[in-house]
Each structure stands twice: as C-alpha cells, then as structure tokens.
Amino acid sequence: MITAIIKHTRFEVVRRALMEVGVLGMTTTEVRGFGRQKGFKEIYRGAEYEVRFLPKVKIEIAVSDDKLDAVIRAIEESARTGEIGDGKIFVTDMGECIRIRTGERGEEAL
Amino acid sequence: MITAIIKHTRFEVVRRALMEVGVLGMTTTEVRGFGRQKGFKEIYRGAEYEVRFLPKVKIEIAVSDDKLDAVIRAIEESARTGEIGDGKIFVTDMGECIRIRTGERGEEAL
Amino acid sequence: MITAIIKHTRFEVVRRALMEVGVLGMTTTEVRGFGRQKGFKEIYRGAEYEVRFLPKVKIEIAVSDDKLDAVIRAIEESARTGEIGDGKIFVTDMGECIRIRTGERGEEAL
Amino acid sequence: MINNGDTAWLLMSAALVMLMTPGLALFYGGMVRRKNVLGTLMHSFSAIAIVSIQWMLVGYSLAFGPDVKGIIGNLDWALLRNVGLLPNPAYAPTVPHLAFMIYQAMFAVITPALISGAFAERMKFSAYVIFVLLWSTLVYDPVAHWVWGVGGWLRYLGVLDFAGGIVVHATSGLSALAAALYIGKRKGAFKEPMPPHNLPMTVIGAGILWFGWFGFNAGSALSAGQLSTLAFVTTHAAAVSATATWILIEWLHRGRPTVFGAATGSIAGLATITPAAGFVGPDSALIIGTLAGAMCYAALNLKPVFGYDDSLDAFGVHGIGGITGTLCVGLFATLALNPAGANGLFLGNARQFYIQLGGVAVVAVYSFLASLVLLKVIDMIAGLRVSEKIEDAGLDISVHGEEGYYL
Amino acid sequence: MINNGDTAWLLMSAALVMLMTPGLALFYGGMVRRKNVLGTLMHSFSAIAIVSIQWMLVGYSLAFGPDVKGIIGNLDWALLRNVGLLPNPAYAPTVPHLAFMIYQAMFAVITPALISGAFAERMKFSAYVIFVLLWSTLVYDPVAHWVWGVGGWLRYLGVLDFAGGIVVHATSGLSALAAALYIGKRKGAFKEPMPPHNLPMTVIGAGILWFGWFGFNAGSALSAGQLSTLAFVTTHAAAVSATATWILIEWLHRGRPTVFGAATGSIAGLATITPAAGFVGPDSALIIGTLAGAMCYAALNLKPVFGYDDSLDAFGVHGIGGITGTLCVGLFATLALNPAGANGLFLGNARQFYIQLGGVAVVAVYSFLASLVLLKVIDMIAGLRVSEKIEDAGLDISVHGEEGYYL
Amino acid sequence: MINNGDTAWLLMSAALVMLMTPGLALFYGGMVRRKNVLGTLMHSFSAIAIVSIQWMLVGYSLAFGPDVKGIIGNLDWALLRNVGLLPNPAYAPTVPHLAFMIYQAMFAVITPALISGAFAERMKFSAYVIFVLLWSTLVYDPVAHWVWGVGGWLRYLGVLDFAGGIVVHATSGLSALAAALYIGKRKGAFKEPMPPHNLPMTVIGAGILWFGWFGFNAGSALSAGQLSTLAFVTTHAAAVSATATWILIEWLHRGRPTVFGAATGSIAGLATITPAAGFVGPDSALIIGTLAGAMCYAALNLKPVFGYDDSLDAFGVHGIGGITGTLCVGLFATLALNPAGANGLFLGNARQFYIQLGGVAVVAVYSFLASLVLLKVIDMIAGLRVSEKIEDAGLDISVHGEEGYYL
C-alpha cells in the first residue's frame, strides 16, 4: 500500500502519471500537514498567528508488488516541484485486499 | 487493522453489521475514490468535464486477530450491492495499539 | 508509522508535546470516531436521534524506530484527559519512506 | 390617481416577495442532505422563472381577469393585454395596474415552490417542471380567483384571506401532503438519520423569508398607511410569539431549544398570521402566533406517527399554519381595525368563523385532490420519481450534473 | 396627517432594521468556531423573539410612554394600549403610531444581540434569555427614555443621538465589556488560535448589516425627504471611509489587508456615524469614518494587551464606535443641515461637545455597572457559564442538540 | 418640490443597489476555488469603499457636474460642493440632489466590481486598487457623462440607456475582456477542472442581485409611479425568460439543466434588460430575455474556443448582455410607454437602432482600449499578476493572510 502526501497543485499531474503506469484505482483524502515547509501568518482582527498546517492531498494506492517501483517513481517525478513541501511517500505492507463487489482477493481485487 | 472503503449509502447498514459482530470502535473518514466505477460528467457554464473521484467513506477498525474474519465477512456482506463501486477492504498488520485514557495496550485497548 | 486518534481540544497540546520530542513533521485528518464514548442526541424538527460518531483528529507521524517510544509517550501524556473518548494510538510497520522533493529515502526522509 | 408613496411601497413589497423565493431556496436547501442541495435550490429558483412566465401569459388573467361564473378569470388579460400603467380601481386604485400584476406574480411564484419541500430529494426535475406549470394553472389560479378575484365565489361568500392563508398556504400545504403521500418516502427515511447538511443556510433563509414577509403581508394592503402598518405589526407579533413558543415547547419537551426549531417556529408564525394580518390587532396576533407555534410543533412531532415523509414539512408548517390562521380570522377579526373586514366569533359573529371554515375546507380538499390527480397523470406520462440509483447518488450530480461544494 | 411616502419609508426601514439582526447572526456566526455556530446564531435569532415580545408588553411603554420624572415611561402604553393607527405627533406626526412603535422595536431587538459577541461560545442559553429580558427592561428601555423619550432627562439637557450611538451602541458596547470581564476568557483564548470558521458568512453578514443600516439611520428621520437623504449619505460616507481606513492601516501595520478587517471597518464606520447621521454633512461623515476605522482598529489590536476576551469585539467596535460618534456630534454638528440639531465645537459651540460627553459618559457608566450587577445576579441564580466539558464539546451539540454542518 | 414617495423610492433603490455589490461578492465568491474565496469577496467589498470615496471627491462631479464640451463634467461639484438637499431639476426634480448623487454612487461602485470576474484568482490586490481608482476616473465617469450627463455628447445624439446597459455593462464587460486577454489564463485553466467551490453561495448571490436589480432598473425612473412600474415589470420579465431559456438550452444541449446555469441566465437577462427597462413593454422584455439567455449561453460555451480565460464570465454575461440590450432598445423601444424615449426599428424608426449601435460601439471600443492601456501602465509600475507560487497557494493566505473556512 502506497501512501503519498502531495501538494494540491500537483494532484492533477500525479493522477495522470499514475494512470499512465497502469494504476486502476486510488483513494484520496484532504489532510493538513506540517513539516519543513514554513507555514504562514494569518491575521484576524488584531490577532496574528502562525499557521503551520498546510492543506495537502493524501493519495492511497493499493498496488501489486511488481508495480510498486513504477508507481513510486511515477509519483516522485510528477509530484516534485523541487520546493520544500513537496511531500512524502510511505510504503506499508498489506496483508490482504478484497473487492467487496465480487469477493475477489489479492491481486485481482486491486 | 481493517480499512474498508465503501459507499455512503451502505454506511448505516455496515455500521449495524459491525456492531452485531461485536466491533466496539471504529474511525471514519470522508474520502474520494476512483476505480472501475465510471465517474460522471459535470457541467459548469459551458465547461463540461469528467469527475472520476466519487465520494466514499473510509472505515478503519482495529480488531484482534480472532475477530478478523468475522469482521471482514460482515463488511463484505453488508457493503455489497453487486454494482461497480462497492469498494475495497484492505488488511494491514498492526504492531501495537494503545488506549490513551488508560494506557492499556494490545487487545484490551481495542 | 504512528497513528493517533485524539480529541480536538487536546490537539494544540499534543502538537506542542510532539515538537518538544523532536517530531519534525506530521499529517492530520478530520475523522469521526465511535467507541466507548457515548454519543449525544440530536433533535431536528421533531426527529430525535443518537449521534454516535464524534469528531476526532487523526495524526499520522512517520518516525524512526529509536524515537518511537518517546513519541508514543509524548502523545499518551499530552492527549490524556482521563475521560472516555481520549482516543487510540496505533503503530504500524513502514516499509519505506521517501521525501519527494529530494528523493531521499529512509530516516533522512522523515 | 396614482400615489407615489403607495407605488413605492407596492413595488418595494413586490421586490421583497420576490426575494422570498431565493430565501425559501436557502431555507429548504440547508435542510436536505449535501448531495441534494442544488436540486433543492433549483426547485425554488426555477419556479421563479416557470411561474412568472405562466403568470404573464395566462395566469394573471385566469386569477384576476374578468370573472367567468365566479370560478375563473377569462383570457382578456392574457399576455398582459389590457394590463397597463393606469390603475385598476377594482383591485388597487392608487397604483399602476402592472404594479398589482407583478406583485401578485411573486405570490404565484412562491406557492408551488413551497410544495417542493414535500418531495425534496427524490422528484424528477422534468416532472417538477410539468407539475409546477399545471398546478399553477389548475390549482393556484382558480383558487386565487375564488378568494381574491372580483366575482370569485368565495370572496362573494365573504371568505377573508388578507395575504394568502388560503390561497398560498392552504393550497401549497395540502398539495404537499398529497405529494408526500403519493411519491412515498425517501429511501431510508425514518430509519437512518438525515440531518440537515447546513443549518446556518436554513437560518439565513428564515431571516430572509421573515424580511420578505413584511412585503407579503403589509404589501397586501396595496397602499402605505394604516392598513399596511397594522399588517406589518401583526406579522411581526405573530412571528415572534410563534418563535418563542416553539423554543419554549421544545425546551420543555426535548430538554434543549434548537435554532432549527426557532427558525421553523418563526415561519410557522408568519404563515399562520398571513390570512389575518390586516384583520386583527397586535394582541390577537401574539395569541395567533402562540397557537401557530404549538400547532405546527405538534404536527411535526406527529409526522413519524403517521409515517408520511413530508421531507421538509411543507404540510406541517404551511398547511397547518394556513388553516389555523384562516380559522383565526373567523375568531379574532375586528371591524374596528379594518372596516373592509368583519368581526369574528369573539366579537359575537360566529358566522364569519363558519365562512372561514367552509372556505378553507373547500380549498383544502380541492388542492389535495387536484394535486393527487395531477401527480398521478404526470407519473403515468413522464414518471415522477428518480430511480433508486439516482436517489442514492443524489440529484445534484445525477440530474443536474453539478456538485454543491468543493470545500 | 398620515403621509404615504413617509409611511412607506418607515415601514421599509423597520423591515431593514429587522433584517439586521439575522445579518448580525451571520456576522457573528461566521467568526466563532464551527462547534458554536448555531449557539451564536441562536443568540441573535432568539433576541428577535424575546425582545419584541417584551417590547410590545412593556418595553415600548417604558421607553416612549408618558414620562415619569424624566427617568422612565409609565405603563399607559403597556400591551400597546393607546398605541394605534393614528399618528403620535410627539414622535412621528406623519405615520401611524404603531409604525413608530414597530420601527423602534427593531432597535430594541438588535441592541442586546450586539452584546452577545462578548460572551459568545461560553454562555448558558438559559442565562442568556434571562439576561436579555432583564437587560432590555433595566438598561435599554430607561436609556432610550432618557435620550429619546418625550420628557427624558438627557434629551431635555440637549444630548443629541440621531439613531442610537448612545442608546444602542454605547449601551451594548459597555455592557459587552462588563460581560467579557465578568464571564472570563474562553478556554484557550490568547493561547491557541481560534480563527473564524466561516469568513464568507461574516462578510455576507456585514453586507446585510450595511444594507439594513440605511433603514437604521435614514429611517430615523421618520420621514422620507431631506433629513433621511442626509442621514443616508452620511451613513454611507462614514462606512466607506472607515472601511478604506481599516484596509490601509492593516496593510501598513500587518503587511496585508484582510477582508475580515474591511468588513469590521465597515461596521465600525456604521456604528460611529449612527448618532451623527442626521446632524452632520457628508464631508464630516468622511472624517468621522476615518476616525472610526482608526479608533476601532486600535481598540481591537490593544485587546490582547488588556487581556479581556471580548470574543467578537462587541465593545471594541460598538462601544468605541458609539462613544466616538457621540462625541463627533459635539464636534461636527451643524444647524445649517438640521435645525432640530445643534452646532458643534467646530462651529464654535463647545457646550454641545460637553453635553455629548456628559451624556455618553453617564450612559456608559450606567450600562457597565447595571450589566455587572445583572450578570452577578443571574450567575448566582442560574449560573452564567457552561461547564468546561460543554465548552469543549461546543454549544451546538451540548446546549442545542444540533450540528451546524453535515458537509 | 421634494416628493416623499419618490424620495422613499429612490433611497430604497439606492440601498438595493448598494446591496448588489455584496451580492456580487457572493455570486463571484462561490465560483472560485476555495483558496481564493476571500480575495474574490475582497474585490467587491473593497470596491464599495474605493469607488464611493472617489465618487464623493471627484467622480460625481466628473460624471454629472457642469458639462465641459460634452466630454466630461467639471469639478464644480467635487467634494460634493453645490450638491445639497434641494432637488437638481435637471436630473431628478422631486428628490434631494444628494439622493440622486448617492443613488448614482452605487452604480459607480458595482461597475468595476463586475470587471473583477475577469481576472479573479490571479490579480495583485495593490494593482486592483489602483486599477479601480483609475478605471472609475478615466472610463466610468466620462462614459457616464457622455450617456447620462446633461450636455453629454452621446445623450445629445439620442443614445438611450435607461439604467446602464452601456454605462455599466458594456464598459465593464469590454474592460473585462481586455483584462482577461492582458493578464492571461489562470495556471491550469482549460486543462484541469476548476469547479466552483460553493455553488449555493453563487445562487444566494444571484438571488440578492436579482432583488437589488429592481432598485437598479426601476429606481432609474427616479420617481415612484408609472415609469418605475414599467421598469420593474420588464426587469422581472427579462430575468425570468432568460432563466427559462438558459435552462432549456442547457437541457437540450448538455442533457442536464444546472442551477448554476439558471442563476447565470437570470443575471444575463437582468444585464440585458437594463438599458431597455423603461423604454419597452413587458412582451418585448420577454423576448429580450430569451435573446439574452441564448446569446450569453453561446458566449460562454464559445469561450474555450477563443481560449481567453474570463474566469467568471464578466465579458460573456455583462459585455454580451449590455450590448445586446442596448441594441434591443433600438429595436423594441416605444414612445407609447415612455414619451422621453423613442420608437425603435420595429416601430419604423431604424435611426434609433443605428444610434444605439453607434453609441454602444464607441463605448465598447473606448472601454476596451482604455482598459488595456491602464492595465499595461499598472503592470509596468506595480505589476499586475501575483507570482506563480502565490497563485498556487491561493490569494487568501498569501495576499490577505486569512482562510475562508475552518470547517
């Protein structure tokens, strides 16, 4: 299971890159992240404060092992702007994957 | 840890099914997913475009190993409509689980 | 990878505690959870019903193994109010971690 | 003679009543589930267009045109022929006839939009368009003629309806009931929670409706003076006492006062005072508002018992409110305040109460039955209800190809 | 004699001022955290009901009824007895007395709602209801009598307050300060960020308030002619110059101009011009607006220094604005534009400035102290503040049993 | 002589037109992406302040002050000198001169705000402020003088523009086109979806605009009587037929009728009828509305073909609508309804059509070129467009330091 946290502005590009390497499904979540990237100051009626959590998109993709590297590479290349805040890719092991509609398991279920 | 991505319209049914098999807790997130299911066309003042990401609910449930199969089955049965877009179930290994309030670990913490 | 589900009201405190133990990045998601904590009754024009899913914040933090315990402890202590609903910490194994901007992998990528 | 002050007031009132329909869009739009917010807004917004056109083409003539046997206006004024810039003394002697026409247009617009609360979240849009067109022509226009048209048979019998308790609220409310019964429950109704997706939107809508209602009721004086002042004050009085009543009852009954309840109460009070606004005093209006709050509260809380899914309570608020208010005219009206009105039961004139009762009963039955027939016909021709799949996905993306929010 | 144009204008103005309270609901509602949006809307919405009823029962009579020693009206007009459809020449000779009554009702409604900004997100609703009732009766009604009532002692001394700089803004502003001090900070205030949950809602609210303020100020002429025109123009002039001033100062001071600041500036300008609207010229209004923007900007930025948590700045905007504006009457007023007014200091009449100073000082002190006492009493009887647990969970689900959004 | 009814109507209309700019803020604000909602609201909100001040200082005098060679007003009325509470018979004989001034101020305010739709989501705020100031002074004020000012050369030639089809919509629409071309596409435009982030907000905005438009068009009669009634009715007629037309065309063309389309159609109808409102009959208005819907629908659907990114369709709606409507005056106008107007082509007076064509063409070209030059100059001095990074992050956090929602 690949989890990537990327910038909103790269989302469309990443989506296309993923489809090109044959990804057939993914799930996305609106998140707010914080890291090296500095936040920004917000001003509300005299109160000024630091916002450190910036909006990001989390993409989760279940892939078969043989596609893993290609997918990671696709994300890396398409999400990169070279500026701080480009985000992270995390890979975790998935025990099982089931397609609810058919009950298929494993690779067919992806 | 079971992660299920299901249709909004099945959510209430799935929740009941889970409670029946003894699930005591879960966490849900609004996500947008994309897969086999075709999206739909949206029209905005002359611009027409394809929306591929459909709203889904992600349910995360930490369960003990002995309940794993029962829970998966409960989700499969309750979330299925037989139509494309019913969603996926992913199972991942959990190293540790802690209940913050008490500091309990492992199965008691679920 | 540490996933913590905590109360909104503790979020600011947890954030500070995490920064003190040297956490450099994290990702947060708005979720709704359900567990031991009772929900509340909502009333809409004559219809009364039970809301069981309460708003929580999910924090995801990728940490190196040596910091794992310190981070968990920091969350436990800062998120605890002692009342039901304080939430959970889940730990999962992460295979790989990549910083998109630089391509760094592993610990440097955190 | 055209009076500038009266014309200013009537035009402003027409603008206010026009604003009520977008206000209703918000009021209803906030109550539905997120996936149906645009479909619900569309009901109100499109009604402005559909009914206004129908009104200028034939509706106004049917409702207010030269009388045919007390039942309907003829088509002499169709396409606004003979409706010009000189006053029509029979209706409003101090303003241009066109001002009266456009003011009345706004009433015709909002009435079918009110009904849409009953079948929200599951009606086909094509069916809705046909329904609105036919309903306006076959229910609203005749009833408006009966009650308000020169020569109308209910008017002739002495039925009093200051600003539309019968013409607007009883017709829409009973038609809403018919529609809720005919179209059936939303999938999952009464089984799973369907909380409003945006209550602040509903509260804004209520505020705008309240604001516009001053044009609705006080504008119905058709002049700016004592009568409009009276109607203005009674309108506000009933609205506030209904709001307070609702808050109080809910607090006692449920342990917590809700803002959704307060907003609902205000609309209940406004709907209820509508037929009475120019016939009763402010003190009576406070009592009528209290009644309104209590009656509509009960109606909404009993709905699950009867089990029909009047999704946004068009019947529970407007039907019950319109009937209650119309009867209250028969109880509280006083000639002392409006010599063009009547005395009610409490001033010894029981007759007026029976007239009111008869009037509202006839219209209620007619609206209910006519709507049933209309819905049946439309269902046979075009289908009334969207497929289950569309209902699941929501009207917005399926029927309208849009989404409400990308937040 | 009733004049149709004047009546149209006053009724329309009453409707506009009524709309301000829902507008305020939005203005405030957008500023709080999501979990308290309904509780905040409820403050304003319920105030409409509570105060209007109090007003018709006793409030109007206390404020405007036959004078008792310059201090208060007697109860001759309670329950609107003797308040009918003929004009009351002492207040508004060209419109029905009831029109004047309902117009004034809308002022009485919004004033306590303004205070609610000070204790937003932590007040018990039961305590709020009691507070509003008592405050209206013991603070608003007497002060309105002093300043506007025939026989009122401040009026007699020559204090000028065109549309409520003292009666509405100084009273609510100083009471807000008292409330913020008494009830204490929100949990976490000044420590963690509490950004507004929905700024577009606040901006809509500001727009609606601005719109309604034309009724508030220009309606206070109680007729449609030169005076209402003057008040209309000065109102807009002060609003725009305060908005521009705020944008400019914030840009210079913080490096970025915010729309929240612009909206706040507009309300500051509107509140500040209120007492002066019918007494000064448009050029003075532009200056007054500039002052308003600068003063209120300073007040809001100093708040953290003083450390009281006037959550939505009811004091910082309305208190400061109301006082500044009242003093500006003493500076800028000119008999040339309004013979019923006075000349101010800049036309050589220093006396008027002292009168204004004295008038606003007395009312400020009275409002502050009376509110403190009221809050103390209510705190002892019913408790003022919700529990920490409820504050954490938010008023919406805990106190009202609803949630604002299911988006 | 000041007439109370007329004054009430004009002040109320001024308030209505003022409300249109916050309404526009919502209309536009809902259409942009979430990250730019406040920046977009700020465009409209700040325009109220900037232009109103410019107007009182010099703008009104330039537009309506004593004529200089048909081109511009002189500065005799700058700072509102000589603009007082007595009527100015040349413009509005029955209301105070200041009432006419403030009514016209609201027109000057909304016009540049309309343009902001063209460069939404990517313009520097500093550049925007300068642009609005210069544009008002160099485009709006002169054109208003040409068309409406006593002595204005287009007025002298017989160009008819009842409420601003040329002065407001053609100027803003063509300037919008210039701006869209000059500033260039939003990053990603036509490549990735940029759906409106909050369509209900856009629909509310449309409702408020519609409501305010009654003040815009019917208020332009400058009195409350037959002419205002005519303008009111034609305004509504065109709005509803444009709405219906849009719904219908979209339904046929795309298979689904959208509420965004319906709202857009209504604004198209309102913009198009503006120049004609007081010169044509309701039946013509229905036809004009149909034309409006069809023309603007086509314009918006052709935009991707031409490839300029008029983000919120300021040109497509206001430019096309304003031109279409101005020409329609030349087709449909009738002296029978307004003796101060003219007969159009369909009544045999082809000349009026050519006059209209000439008038709108001159203004269109002037607005387009003047705006291009202005934008070029501002670009050179201060820079027009935000950096790519800021565009990515959104104007709200980068330029204004705020976020729209914390939901």
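Each chain gets a letter, A, B, C, D, E and F, in the order it is written, and its residues are counted from 1.
FYI, a residue touches a chain if its C-beta (ideal position, glycine included) is under 8 Å from a C-beta of that chain, and two chains touch if they have at least 3 such contacts.
What you are looking at is a predicted structure, and each value in this text was computed from that prediction instead of being measured.
Counting steps between touching chains, the shortest path from subunit A to subunit B takes 1. At the interface between subunit D and subunit F, under half of the residue numbers involved are used by both copies, so each side presents largely different positions.
Subunit E has its Cα centroid 44 Å from the Cα centroid of subunit C.
Averaged C-alpha coordinates give centres for subunit B and subunit C that are 18 Å from one another.
Subunit B and subunit E have Cα centroids separated by 50 Å. Chain centres here are Cα averages; for subunit E and subunit F they lie 33 Å apart.
Of all residues in subunit E, those that touch two or more other chains are 3-6, 8-9, 12, 195-196, 198, 204, 254, 256, 258, 260, 401-403, 405, 407. The multi-chain contact residues of subunit A, meaning those touching 2 or more other chains, are 29, 42-44, 51, 83, 92-93.
Pairwise chain contacts in this structure: A-B, A-C, A-E, A-F, B-C, B-D, B-F, C-D, C-E, D-E, D-F, E-F. By the touch rule above, subunit F contacts subunit B in their complex via residues 193, 195-196, 250, 254, 256, 258, 260-261, 264, 297, 300-304, 313.
By the touch criterion given at the top, residues 1, 24-29, 62, 92-101, 103, 109 of subunit B touch subunit C in their complex.
Per the touch definition, subunit F reaches subunit E in the complex via residues 2-9, 11-12, 14-15, 18-19, 21-23, 25-26, 29, 37-39, 41-42, 45-46, 48-50, 52-53, 56, 79-80, 85, 95-96, 98-99, 101-102, 105, 125, 198, 201, 204, 399-407. Considering their complex, residues 42-49, 51 of subunit B touch subunit F. Against subunit F, the residues of subunit A that register as touching in their complex are 7, 9, 12, 40-44, 51, 83.
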